[in-house]
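Below: the structure, in structure tokens.
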Amino acid sequence: MAPNPHSLRSETDALCDLARWCAARGWVPATSGNFSVRDAVSGRIHISRSGLDKGLIMPADLLELDAEGHVLSGDGKPSAETGLHVVIYRDRPEAFAIAHVHTIFNTLISALCESTGHLDIHGYELLKAFSGVETHAHHERIPVIANSQDYHTLARELEEALDVHPRAHGVLLSAHGLYTWGTSVAEARRHLEALEFLFEVEYHRLASEIRQSDLGAR
Amino acid sequence: MAPNPHSLRSETDALCDLARWCAARGWVPATSGNFSVRDAVSGRIHISRSGLDKGLIMPADLLELDAEGHVLSGDGKPSAETGLHVVIYRDRPEAFAIAHVHTIFNTLISALCESTGHLDIHGYELLKAFSGVETHAHHERIPVIANSQDYHTLARELEEALDVHPRAHGVLLSAHGLYTWGTSVAEARRHLEALEFLFEVEYHRLASEIRQSDLGAR
Amino acid sequence: MAPNPHSLRSETDALCDLARWCAARGWVPATSGNFSVRDAVSGRIHISRSGLDKGLIMPADLLELDAEGHVLSGDGKPSAETGLHVVIYRDRPEAFAIAHVHTIFNTLISALCESTGHLDIHGYELLKAFSGVETHAHHERIPVIANSQDYHTLARELEEALDVHPRAHGVLLSAHGLYTWGTSVAEARRHLEALEFLFEVEYHRLASEIRQSDLGAR
Amino acid sequence: MAPNPHSLRSETDALCDLARWCAARGWVPATSGNFSVRDAVSGRIHISRSGLDKGLIMPADLLELDAEGHVLSGDGKPSAETGLHVVIYRDRPEAFAIAHVHTIFNTLISALCESTGHLDIHGYELLKAFSGVETHAHHERIPVIANSQDYHTLARELEEALDVHPRAHGVLLSAHGLYTWGTSVAEARRHLEALEFLFEVEYHRLASEIRQSDLGAR
């Protein structure tokens, strides 16, 4: 577990800043979405409480959990999706920050790709925003898992997706949203911005019926 | 009638905040839209006056009405749609706040569904933002009523739609806009954000001609 | 000429506020667009100078012109389109404020309708934002004139369009932009917001190939 | 080399303001994009350092380079694309400011036009935002070059594109982004705003299957 060089204090501030930024863009509508950091020293998870308008989140709105997701301190109730954060931190030891958002385009593209089970993205310069990726020729495969209200099932399927796709930088839940992460809040934010940009571009590309050959005929 | 635990003062502040937020997103263009709360103690309605740019609304811009919609105090003229707020409060005793907005996507999708008489939405995680809904497998049916300038007719059709669809969380007026409500301004806002998100997603889905089978063939 | 009840000072302030608001929405890209008011007392025109980023406009950036468009005072050069403001004020004696913007959707829909020579809009509640319109059943016909760099030709064609369509609330220049006006800045803004909303809705409707019958078959 | 009349100090301030404005619009997601000015006196280049969130950029985040791109002063690492700025300044002696952004629409349209090798735009009033263009009848041809991680190849292809298209106001890198420039930051910004507006309009036009003849049949 590579220690995150940032202090817990600066990471929780950065996390709340990211959540408010997402709220301003409409990416966590109707109190949806959740955000967490893992303390590099203690291994404890600090996660947004359930039911909060993320446009108003402050560090005091984070709950402190142990590595298994039990609440240690903080006011309010953990989100039902807390277990998914626990799975990601366990399966991705390098992850110290997680963002989960519901956007127009991650909702559309995840529903579109549910039957295929994944979304393949390649050829875009912005793929280089992903850690470890050095070229637009990279093939990123984002697993898409079926949504469920049975969080044990969902946690198991998320774990399986993470294991089968060890190099994926995010996981989509069908018609639900995106989970992405990073070694710091800054990296999780970079992955989030890049993935949402690419979902929007790919959705437009798939939705349009433009063929390159049409353009040659102008 | 479950009493709203929030004070009238905090609810009128929250209502004006919601209206200004809608204005910033372009959801109440050209002085359209209106917003109200019902006082849990007196049963009186506090509603935005007619013709106001909602980006500038303050609590002093609200008119006080009795439960039948007669003006008791306040400057300015009530909106012609005041009677629709009265119908909703009468038919939904749990409602203490109402939002009415004109958005690009509620305009498009309501016009599209006018002949069918309703819009069905299911399968989205964000459906859980609706009070009483626990799963994305929920089927939400939003009634769509024809627009009219005869407000008696419109009020009667709204009442009928509310009676026929007792579990609906909103009503669309064709090529006009959305009415939604909640037990508090916070809940009405959550319903509003969720509905508008889902209208945008559904409109894109219907407008595109992507078929999941196409994607398999990539 | 019905006197505008607002003072010149408050109208020039409101005009600059409107221009900055348009800039924030991307409606006057690349220093495009222009805005003016007519003083109800003197009949003089106060118009934004050429080449200015409208996000930064202040009343000192307005030029004072006589009713024929000759510069009386102010720094900078009048826009080449000043003559079009003169035509509108002459042809619409009730107009005391004019806005001209270049938006994605007025550009797209004006190009689409150039050959037809007009855009017809009807059935939308937001049509009631236009002065003198009481019902969504109103038919608004917006003339679309061909763009030209010959401003004498353009002024003549604008005048003809205004004469042929005496009840129109705006004029589109093909692949160029919208001119709209009002008895005050507030009314011009209401017309502008309503027209741009309706252009966006109509463009989406025309661009999609959704047929209502498709929806019945879901 | 026409001297830029603005001081280096005011140009670096304006450059950072432009970069932050682009960040607010989502045009430089995930720390992408870069921005530079050339000092009219010394010929030195001042360019944003690599890996920075452009929403936070300040003049202290600029590196000073000589005309060949060697770092003279400043903290941090130059972007891998610094060599492309060097090429543009060498090939376009009138250029004193460069902006490079990744937007949804420049990504989509550059990918669409890669095989053709250019994007032709004509007929739009906003073409007049380009320096030296006096009419919407102007034909602007924007070269589109294939993306590459070999920056020597990319620099050579960029140079060739600039030579072959001496009057182009920008160059697209396929599925990557736009480079544009100006005699000052203000002009580079005007070119940037106009190009991005036109990319969005043209992409919508190409993506829709509306034919003008369809409209006549309404």
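Order of writing sets the labels: A, B, C and D. Residues in every chain begin at 1.
FYI, contacts are C-beta pairs under 8 Å (C-beta built on N, C-alpha and C of every residue); 3 or more make two chains touch, one makes a residue touch a chain.
Remember, predicted model here, so these are calculated numbers, not experimental data.
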item: Greatest separation from chain B - chain, by CA centre; value: D
item: Chain D against chain A, contact positions shared by both copies (same if over half, else different); value: different
item: Mean-CA-position distance for chain D and chain B (Å); value: 43
item: Mean-CA-position distance for chain D and chain C (Å); value: 31
item: Where chain D touches two or more other chains, by residue; value: 207, 209
item: Pairwise touch network: line, ring, star, complete, or other; value: ring
item: Every chain pair meeting the contact rule; value: A-B, A-D, B-C, C-D
item: Touching residues (chain side chain C, partner chain D) in the complex; value: 26, 29-32, 53, 102, 104, 107-108, 111-116, 120, 147, 149, 173, 175-177, 203, 206-207, 209
item: Chain C-facing residues of chain D, complex; value: 25, 123-126, 129, 134-137, 186, 190-191, 193-194, 196-197, 200-201, 204-205, 207-210, 212, 214-216, 218
